[in-house]
Structure formats: C-alpha cells, structure tokens
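Just below sit the structures, each encoded as structure tokens.
Here chain A shows up in two complexes: once beside chain B, once beside chain C.
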Partner chain A sequence: MSEMTPTAAPERAAGLPAQSPPVDPAETAKAEASGRLSWWRGDGGEGAKRNLGLLATLVVLVVIGILTRPDLYGNASWVWGNTLTILKLASVVGVVTVGMTFVIIGGGIDLSVGAIVALAGVWCTTVATQSYGAGGMIFSALTVGLAVGVVNGLLISYGRLVPFIATLAMMVAARGLAAEISDKQTQVSNNQFINGIASTNVLGIPLLVYILAAVVVAGWVLLNRTTFGRRTVAVGGNPEAARLAGINVRRHTLLLYALSGLCCGIAAVMLTAQATSAQAAMANLYELDAIAAAIIGGTLLSGGRGTIIGSLLGVVIFSTITNLFAINGLSTEAQNMVKGGIIVAAVLVQQVQFRSLTQFLGRNRLTTT
Partner chain B sequence: MTASNAAGPAGADGAGEPPVPGRRVAGDAASADGMGERAVPGPSGGPVTSDSEEAVVTKAPLVEAPADTVVGEVVLRLTDVVKTFPGVRALDGVQLEVRAGEVHCLLGQNGAGKSTLIKVLSGVHRPDSGEVQWRGEPADFANPQAAMRAGIATIYQELDLVEDLSVAENAFLGHEPRRLGFVRRGHMARRTREILGRLGHPEIPPGRMVRALPAAGKQVVSMARALSHEARLIIMDEPSAVLAHDEVGNLFRIIRELTAQGIAVIYISHRMEEIREIGDRVTVLKDGRTTAANLPARETPTRDLVARMTGRTIEYVFPDRPADDPAGAELLQVEGLTRHGEFADVSLSVRAGEIVGIAGLVGSGRSELLETIYGARRPQAGTVRMAGRALRPGSVGAAVKAGMGMAPEERKSQALLLGEPIYRNVTLATFGRYARLGFTDAGRERAEADRIGDSLELRPRDVRRPVRTLSGGNQQKVVVGRWLLGDTRLLLLDEPTRGVDVGARAELYQVIRSLAAQGVGVLLVSSEVPEVLGLADRVLVMREGRVVREAPAGELDENTVLDLVMAGSLMEGAPA
Partner chain C sequence: MTQHSRDLSRRRLLFGGAALSAGVVLAGCTSNEQTPTAAQTKAAATGGNSEPGKKVTIGFSAPAADHGWIAAITNNAKAQAAAYSDVELKSVEAGADAAAQRAALSTLISQKPDVIVLLPHDGKELNAFGLEAMKAGIPVVNLDRAFPDARAYRLQIKGDNYGMGVAAATYIVAQLKAKGVSNPVIGEIPGIDSLELTQERSKGFADTLAANGLRVANRRPAEFTADSGQQAATGLFQALPKIDALWNHDDDQGIGVLAAVNQANRKEFFMVGGAGSKKAMEDIQADNTVLKATVTYSPSMASSAISLARLIGQNKGMSDLVELQVPKEIVLASETITKENASNYLKLGF
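== the complex of A and B ==
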C-alpha cells in the first residue's frame, strides 16, 4: 500500500506506524470465483476491498480538511503534528475496538466495554492500588478487565444469556461498582510512570500510538494466524458447524469476552494516563464508538466476517472527523450527526450485494478504458 | 362426499391388501441392490393425466374410482408446472387436478417436490412455466397475500400463529375487520365464534391466547384463519404430524365438515392409513413430476402407490460389495439409547469396515439418533461405546476424539462456513493438528486439502475458492473430506446425497465404499431407500423412533422397506 510511505503527509493519517502488512495475506491468498488472485479482488479479499473503500473515505476527509483550512494544511509540521493528534485520539478506542471486533466476528456483542474501562481505571487508581506502584496499577487494571470479561463470557456461554442482555447488565453494574469504589470522586493518578505513558514520545511518535499498533498487530496475528482466530471465525460464521466439527463453542465464546475485557484493561491504563486521573464516568459511550468503528470497518454484525485493519480504519475515520470539526471550530453536536450518518451509510454499503458492486465497478472499468 | 366417506371402509388394512397386479410392477422396481428398472413411464412418455376422473398412469389395471367420489367441479388445475432453483429442477412438469369438496392427497418421497408445489400454490414461489388454473381462470399469484385473497389457504406443519395474540386476532391476522382504523373487536370475536362453530369447536373462546391452546387447538385456529379468508382450497402439509393419536380423528371430522361445505382440501401425509381414511383421490409425485394422477385413495393398493413413488428415472450406480465379509471388530456399540419424543431404546452396532444403513422417514427419529450417537444431543438413557469405551454423553468433542466424524443432514447450516475457502472447511476439525504453538499452518492445510481434493475428485480443484461457489455434491465432498484428514474410524452420514446430482452421487458412493474398504465403519441415514439398500451391508429400518427391522441388505427389497417405513399405526384407537 503506497499510502503507507511517509512522504505524503495527509495520507499518513491512515498510515499506521509499525503496521504489519496492511492486507491480510491469507485473504489475498483466497482466490476469487473467477480465479483471480490479486489481493484486493476476490471473494476472500472482500474485507481488503472494503478497506480500500475506507482508505478512500479517509482521503476524502483529508481533502475536506485541506479545502476548509488550506492555511493549516500549508504547514508541513502542523500536518505531521495533527496526524499524530488524530492517531493519539484513536488509540484508546482503537484498543477497545480490537477486542470488540473479535467478539462481533465470534457472533456476539459487548456493550459493557466502556464500563469495564471505567471500572478498571478506577480500580487501578485507588490509593491502595497506587501504593503498589506502576506495576501494581497496570496489573490490577488488566486483571479487572479480564475478570469482568470472564464474567460476561460465563453468563453468555454457560448461563446462556443473550450477549446483548448480559453485557447490558454488566454495563450498568460495572459503572455502579466504579462509582461505589471511587465514591463518585475523580481519583488523581500520582504515578509518574503511568502518567508518562500518555506524554512520552518515542522517535517523535506518542507511546500511546505504539501501544495501539502493538495491540492491532497482535490482534491481526491472533485473528489471521492462530487457531484461536480460526475458531473465532468458525464460531461466529456457523456455530452449529463449528460444534459438529468438535470445536468447543462455549469455551471459545468465553475466551472472546475475556479477550475483550483484557483489551478494556489495556485501554483503561492508557486513558488513565491521558487524564492523569480516573472516574466512574470515564470512557463514556466507548461501546458505541467501538461497535460503530467495527461495523464501518466491515465486520458483519451477525458474525463470521471482519478484519482488524478495517476496524482500525473505522476508528481512525471517526477520530479524523472529530479532528476535522475541531480544526474548523464546529460543535460536537454537528459532529455526532455526521458520525450517525456515516454509520448508516456504512451499513447500507454492507447490505449492498458486494458481488454486484464488483460487477458494476468491473463494467465501469471496461467502458472507460 | 361425507356420504362416501361414511360408506367407505374405515381405513384399509395395509397388511391385508390383496396381491393385485401392481405387486408385480412393484417387485420389479426394486431388485435387491436397488438398481431396479423403472416401472413407471419415463420422461419421454411424460407424466400422464387426463380430464377424466381417474386418469391413471400405470401399466397395471387399477380399480377405477367410483363416480360419486368426486363431487364438485374442478377448482384447481395445474398443467406442466415447472420450477427450477439454481442447480435443481424442483418441479419438472407437475399435473394436478383438484375438485371442490374433495380431499386430494399428495404422495411422494422426500425431495419429490411436494413442498415446492405447495409454495407455488400458496404464492411463495412463481412457476417458471406451465399453467395454474384457479376456478377456471389462469392464476399467477405474486405473493402469499394474493393467493389468500383468491381463496387458497395453506396450513404449514409449523403453524404460523402468533402465540401471544388471541384466537380471534390470529384468525383475522392481517385483515382485521376495521372501522375508521379501529379494530372492531366485538365483530371480530363474533365472526371467529361463528367460524369455530363451523369447524365444530364452539368451545374455544375467541379471546384465549393461542399460547394456552394445545397443538390440536392451534391447528383449529389455523383452519379458522383459512375460513376467515373465505378459502375455497385449504392445503394441509402433514397436519397429523403435530397431533397426538386421538386428536387425528377430530382433525378428520373437521376436514369432513369443510369438504361438506364444498371446500377442497389438498392433504399431504406419509401415513398410508390416513390417506385411506380421509382421502378421495391421490396424486403421486416423484422427482418433481406427476407419476400418477387422481388414483382412488381407498382402492389403490399400497404397493401400487409405493411403486409410483419409487420407480427410478435414474439408475443408481452402487459400487460392488466386497466378495468376502470385510467387517472387522466391533467399533460402535449403542445400547438402549433413548430421547423422549424422538427415539426409544435403540441398540445397534457397527463393525470396522462395515456400512450400516438406517432407513426411515423424516420424523422417524433417525437424524436425532445419529446426532445423539455423535454427542450433539444428550440421551436420557442408554450408552454409546467406541471400541468398547463408553463416551461421555452429550459431548461432540469426546466423540471426535474417539474417532467419530459426522456429515450432518443440513450441509449448509450445520457443516459449512460458506464464505470461507474450501481448505479451511476441509480442515475445520483438524486445523489444530497442523498448528504449531497455536499458530496455524495455512500452507500445510492447503496441501492436505489438495490431497483430499485429489482423492475425492473435487471440482473445482482450487482449494482457495469459497465453498459457496461449489455445487451441492462437491460441498458434500468437502464435508466428508473433512473427516478423512483426522483419525476417523467411524463416519456418520446423514442424508449424504441430498441435493447432490447423479454423477456426484455415484462418486460419493464410491468414496464411502472405499472408506469402508480401508476399515472405516460407516453409519448411514437416508430417506432414499434404494440408497440404503444399495450401499449398506446391513440395514436398520426405523419408524416412529424405534428400530422395527434389522437385516442384511441383501435380504430386503425396496418395497418391503417402504412398507415397514410407512405402515402407519397412527389410526389405532382413533374414532373411525
């Protein structure tokens, strides 16, 4: 992907630092019905093809930025700085979205992610926890996230609750617990190491962006290169077929929610570092941002299909819009309306038969060349 | 109509049927290995029907229908109706003639096209060609509502009632009597009461929630809905399947009420006794064609009907059985396996290298039995042993570990990830074996899938194509191939050739036989009796959840098995 080269500044918003191959080689390997193997075509490459569309969307957003604020975009160092701002903005939700993508591909949904982030954040910033230092704080955040995820998973896989209901209940309960623990106060983090996570730059790029990149790469490998990922697609794509093939569907479902919880724990550390504090109301509506990003990224809400890269692009598109409104001094209200519109548009595109769209594009190409 | 019913015998006794000439035809149709000649006119001759009342397609002379059997004018006439789906010719020239006030029975094996025919009549599908004449006019129903408005109502096996609405609301669902946009509840209740009265069930309160009614009551509500549309033709798809034994008599009483009012009924059932009891005329479908039309329901011998359902247009080619008995040690032992309402006290065994076939109708409990052996369902009683070791009940994982593999009945919904490539489907049960430290080895998987593809002659051979693009037969090869990769010692096959074309069938049979030759035990379920007889070494016949016969395949013929399978004892104890 040429967009990755760090020469063209605007596109670097999409350029993902330390990004592994931008397109799933396993998907590219899948041949199209016609037998073509080019990486962006082909049935298995549907996700990759959709990702190209997302990149195009991103380019359009950047062009809008250039058109509305040519003064700012004339300045190369501002553009670089702004790109990092966008990625930093995307980092916390991005980590949550990776976990969410797994859950959704696995045929579930996790509405409790925002609440888990808040609970983990509050838990790791209590006076008692802070006394164990940075290691203790990170450990407790990850453990709390993982534990809540396991409870979600137990309720859903062994308690046979509908994922929507189980995680909705967890969303309410975890926020309640967070408010209880923090006594509805904002808990300031006095740990310099934790706070430094958000303020440190490595090679000119914020550490938070490296964390996002690491989680994305790990998520990509997990989904595309491991038995865990294969099981996830099988369990979400056809749970009955997975079960009859001897896959332990329940245990895997449990693991998916645990993974989502773990991602929330990581996000909690990042968010706490950014704010140098934690409170029960933090990470508000992150579940909606993460679900929306995954869906825009082409993850099928019914399960069985989705890509980590698509989800990442979804998150970046959202933070680019936020950034676009900010640099133009527009209200967040208008911004939310645009976001809503984009979600609807993405789902509409998802419903369009991709095959017919391909045919349409193919015909178009023939007539124009 | 009612008079003729009353006069007729209360259900002919299948066993007591005289060996009429049809017997000879039927006997020819099924030689022991299932490669029987067709006894029924083939595609060249075309399915025959005529305007006469007892247009009978047969070589054997048949008793003609008494003149008073048919009471009304023709309300529905289908001529050469064809309906194709991608890859399947579901209806391939169907003739049907239904008269007012008669009960017209549709007979046919699974896959003969009955369901598609119902859907064409009820406006779900539109025929590709051919003519549907409804009450003298050509009809083309764009949707189910149009068919309803025209007076054709369908009562499906799974009743399409809204459980949490009242009886009256269900009866008038979608066409509630209204005034100024408000439902006229009183009026609706009154009319519902009146309709229930006509059906002989004035005791059902129109305000009662449907959820609170027993199955038989729900069926009455379905019929009330049909009558609320002023239906002139009611199609009933296996209505007795959901009823308890003593409720069937009541169903028949209602059907007689309806026909006495001049309403035509198309009645679909596998149970011969019911057809004898309630039917006036019978039309038989096979492979999407009408093979016999308007046979008298009571007088036509069972064997004759069966012959028309089974005579093959397609020659099945089965691989030869090995000359000497190849079967080795006992592999699978099932003892006293029971699931209430599905099957009871089933014991069977499969030896290594042996193919055991289970014949039975849908609903006889065979698929449920297979899934229970596989651990996908938990039995209430009984044990499953593999090579002497008892398996943990209700655990597919344990079954797979013990060396079982299954190709389930519904390929697409139970076995395949349609959007995923072939190789990932082939390795769905084994990808963990090729993985190192949890990392999958796609190259190795593709190589293994390639090997399977070669040995099964999979087409197309590119294992990276999505399974969705394969034909039914090749999809089935993928599912079977999945179990050739592991250490599968026992293969459970549920309807392995459903939706598979003729050529691919022969290949699949070959594959199954060669697996057995390699020492794999096979337990096979099929509704196609010739398939079971032709492929299996030993055959078990199931009916209503019980094994009613077990014999070496060579000792059974198609008609014997079909008789066993279909002999309905449902009418026992029902009021005549």
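== the complex of A and C ==
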C-alpha cells in the first residue's frame, strides 16, 4: 500500500495542522500552479536564501582570517591547502550530520551518534577484525553502525520510546560496549589501506573530501528527489497527517535511525583512518557538533524542515571557526563561546526571517516552529 | 498478490539470512587476543623485604578506565599483588564519579582490609574518606591524586606533572641548542585543558622555556584521545607552516598526532611525547618518526604503591633506607626517554 502513496501528499501534509483532513489532490495541484506557494514551501527558495546567509557567514570568517593573518593568506598554496584541511576536518562530522539531518527532519533526534562512531571504530580495529583486512574492517564498521541504528529505530518506532531517551540510553550503552571490547585501550590500526584513506589525495584533493561529497550528494538526492525524502519531511512535519496519507510512519522512523547509524559507520572508518586508531572515548560529543551544524543549517529541531546543503555549510562553518582560532593561536575556551553565540544567532535569524515571511504572505495557518 | 507475498518472504529470508550471518561474523570480531604486555611488576626476589611475611589484605580502588594510562594502573596493581604470595587484593570498581567511588569505598572499609590503595576520582572530594579510613585505623595509600589534608593518608605516591613539562622543555632546549636553531618555533598539544594536571604540565613547560628565553608559539589542546590529537595537530600545522619542536602531552593522543604528521607530510621538526606508552618507546627506538623522546609519567607507580602498601601492612620499612617505616610521600621523577635509553624503559611502557 505505502508504495502507492501519491508523492505530492506528504509534501503537502507537512505544513498542515494535525486536524486537517487527508489531502485533496486537486487543491494541491491548484496551489502548485499558483507558483508562489511552492516558492516558499519547497526546498528551493527559502532554503537557498538561508544558505546564502550561511555562505555570507563563511565569507566573513575568511575575511577575518585574512585580516588577522595576512602573512599566511598571502600565500596561495597555503590558502588552498588550508581550505582542503578545513574540509578534511569537517568530513567526519559532516557525514554524521547528513544522517542526523534526516533524523531531525523526520521529527527525531539521535544522541548516540558519537557513541556509534566509537563502537564501530573500536569494533573494526580489534585484532580479530584486522585479520580480515581492509574489507572486513569496513564491513564490520558499516554493519555495526547500521545495526545500532536499527536497534535505536526499533526502540523508538515499535518500542514507543521517546527518541531523546532511547538514543541517550544507546549513547551510554554503546560507549560501554566499546570500552568492554577495546579493554579501554587505544587500538592501533595496522592496516595500510585503512590508514591510507586519510592520507591519500586524488587529483590533489583528499579522499576524505570525496567521501564527504559523495555522502552529501547521496543525502541531497535522497531528501529532495525520492519518495523516501518526501516521506521524511511529511513524517517529521506531522506524523498523524503522514499516517493518514498512507505512510507507514513507524517503518519510516526505523529507516531514518538506520540511515543515521550507517552514516556513523562510514564516519567511523574515516575517523579511524585519520587517527590510525580507535578507542572507546573517540568521537567525543560528535552528537552535539552534528546537531548544532544541522540547526544552524536551518533544520527545524521539531522536524519537518531542513536541507542537506544547509547542514553541510553548518559543519564547514564550525570547522572554519576552529581553523580561525588555531591559526591565531587563541584558546579553545573562547572558540567554544563563539560557537555557542553563532548557534544562538543562527536560530534567532531564522525565526525572524520565518516570522516576517509568513506575515508577508499572510498565511496564519502556517505554524511557526 | 500471492506472487507479491512470495517475493516478500524471499526477500525477508535473504535479508534475515544476511543479517544473521553478519551478526555471527561480527561477534567473532570482538576478540582482541594478542600477546599480553608484561605488566610492570617487580618480581618478588628472595631475601629481605620480599620474604613472605604476615598476610596483608589490600583494598584497591581506581576509576573505571577510559584511557590506556588508567587501564595500566589497575592492571599493574593486580599483577603486582599477584606476585606476592602474602598479599590478597580486594578490588572495587570506582564507578563513574567521586560519589560512586565513595559508595564503593565504604563497602571496602566494612571488609576490614589492612591497607587501602586508592586512586581517587578527585583528591579533594575524597579527602573526607581518607580521614575516615585513617581514623578507623586503616592506612591509606593515595595514588597520584593528592588529598589536601595530610592526615588523610599514610603514604602518597604520585607523578610529577610540573616536572614533566620541565623535562620536555629541557630536552627541547638542549636539542635546539645543539642544532643551533635561532628563534625556534615551538608548538604544544596538551590534553584536556581544564584539568589541573594539564595546567601544571603546561606551566612547567612554559616556565622552563621562558628561563631560556623561549616561548610556545601555539598550543592546541586535545582530549587525550587519538582522534582529538589528530585534529589538534592538523590545526596546529595550519597555524605554523614551519615548526622546530613540538611537545605532545600524552602518548595515547600522540598516535593521532603522528598520524596527522604523516597526513600533512611534515618532517621539519622533532617531537617529544608524554607518559611513556609502549608504542611511543618503540617508535623512539626505531627512530623513523618525528618522535624523538618522551617524558614519563609512569603507571608503574601502581605497582610500587602495592609493594609499599604491603610493607606498611607488615610494618616494615624500605630496606635501602635507614628509617624503619615507609616514607610519607614519594614523588616520581619524570624521566626522559630517548633512543639511547629506550631499551631500558620498554618493560615499563604501557
């Protein structure tokens, strides 16, 4: 049955209040025809505008960099290398954030991502796994990530646990299991292929950046060009309406957490390659980095709206701030305060934009967050 | 319809089977069997203090390990206790924080051990426990994290964080002088910056450099983990296109720092590590990385603490000293391991 859902329905259901009747296709067609409706509702217009704001923030950060360290920025090859370094350092959190964005758009939250990365990383670097070579290591990292994500999804969709609680429990449990497996030691990866993932450049660009790009493109297509993506928006915007529109909300929620887990598995391979090792305490607080990046990227924490590109820009902005503070030799305490400030500012700007936009369009039935 | 459902069941069988076999393979992958690192114990020699004496029950508590160093502390204590025929070790998990450790310790007291060896979560918070135990007539051996109150412990044995910084800076200054580098660029990658031990290490480092007219050009803190070390080092390399010397506080995070060195293809500087892990010592001995030295903060102190606790329990002194009792405070010197002496230290690496 669910395969037959008209694709327009979930998209439409997203903005409607809970008591709305199932969608009338004719009305949808009318609304689409007016053009204006799809301009502000779709991923195109407003999202693009917000992303322009993020790009502007990025430009400001780079200008600050140029002003504070003209000696470094005067060197073109340094600037190129630095840009690649920023992207490389953003790559692991970036992959995690793509999965996180799906979960948040779908109306959930995943606090266990850092722990899943650690568990998958530890699992793929045990002596036994390493004996299977690079293929075995990658397979186990991805499978562990996916499996933990499925467990999260089952607890939330079929066990009816609140996502916050279920993934918080998973965060503690997965780190515990990782510590148990690794016997609390740092497990060094002796696999040259795995370690090479972090040091290989293809056409002058690090392999890690390609992996990030591939995940982002896949995520973008999945969110914007497939039924799965439309359903995600629908489920997050209004689960009841989505259910009435014929979406299997539970199964879809399960898939979202599985997707997030799989992203963590990919990130675990990347992080293990970068650090040439894994341990239970790795990927510390990545859940917060990923959530923060998604939020400043314009993803609504209550679900139903968000963009992959916005999340990517969010990650890159944080990575650029870290870089900016590093090249100026400033303390990380100040850096964390600035990061916090940027999160608050981004959300404030979004709210103001969103409110004025809805007022401008005179559409009161649209709920502001 | 029947066609459809049969497809579905086949698909389920396929996916179910795949999931099951993946699970079986994965479960087999958690084994970590390799030659166990010989714990840093002192073999019970014959004669003198090593002669089996009065039976001593030692209570032991250290925080749950999330890091190689703490894991080595617990392993060493257990191994050293096992080396004595007259020592029985009662180990309690310290839990996640000071409150949990206090609860665990009160059960330990009720078992009436002869001596308690304790690595507290926080020396200040567990000071009261030390007082209580001492009052109950159980000598307390404080491992590494000092109690502020001198009445709260019978013996304190700890490493020297400030001295680590001094040792690292001393080695760096000597090397730079030998190379005749003028105006050197010195980088620093500390561990978790909010910890007192990190601040002491950095202070010792900065003070010693300042005494030689040098300063740290940039410091990027990591979190004692390899992945954070890699990220901190990558940031540092962007900030400093040319480095002469680098001190990384912790050899565990040093795995990541060395990975970053390879990834950024930087070879122009030399690096000093901290703590003294086995891998760091092997790297120093092999002399094929930028890591040329490490300054110790050895978890072997746990083995020594058990040996001394046994002596306290048997009412004996350290036989090389004149005094009839074990001293009250022992601060281990931070030693500098280089290629020349690495072979002597390998057995102490964790």
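Some notes on this structure:
Rule of thumb we're sticking to: the second predicted complex is superposed on the first by the 310 of 369 C-alpha atoms of A that agree within 3 Å, B and C clash if a C-alpha of one lies under 4 Å from a C-alpha of the other, contacts with A are read in each partner's own complex, and residues count from 1 in each chain.
In this text, a residue touches a chain if its C-beta (ideal position, glycine included) is under 8 Å from a C-beta of that chain, and two chains touch if they have at least 3 such contacts.
Keep in mind it's a predicted model, so treat the numbers as computed, not measured.
For chain A, the partner with contacts to more residues, out of chain B and chain C, is C. In the superposition on chain A, A:Thr126 makes contact with chain C only, while chain B stays out of contact range. In the superposed model, A:Trp78 lies in contact with chain C only, and not with chain B.
Shared-chain residue A:Arg225: touches chain B; no touch with chain C. Contacts of A:Thr253 after superposition on the shared chain: neither chain B nor chain C is touched.
Of the two partner chains placed by the overlay, only chain B lies in contact with A:Ala242; chain C stays clear of it. Of the two partner chains placed around the shared chain by superposition, chain C is the only one that A:Ala280 touches, whereas chain B remains out of contact.
Look at A:Val233: by the touch rule set out above, it reaches chain B but stays clear of chain C. Shared-chain residue A:Thr299: touches no atom of chain B or chain C. Contacts of A:Asn51 after superposition: neither chain B nor chain C is touched.
On chain A, the positions that touch chain B within their shared complex are 26, 29-31, 33, 35, 43-44, 225-230, 233-234, 237-238, 240-248, 304-305.
Residue ranges on chain A touching chain C, taken from their complex, read 72, 75, 78, 81-82, 85, 88-89, 123-124, 126-129, 132, 136, 139-140, 143-144, 147, 179, 181-188, 195, 198-199, 271, 274-284, 322-323, 326-329, 331-333. Those residues of chain B that touch chain A in the shared complex are 374, 376, 396-397, 399-401, 406, 408, 413-421, 424, 428-429, 431-432, 435, 438-440, 442, 462, 464-466, 468-469, 482. In the complex of the two chains, the chain C residues touching chain A come out as 22-23, 25-26, 28-34, 64-68, 70-71, 193, 217-221, 223-231, 234-239, 241, 252, 255-256, 258-260, 262-264, 279.
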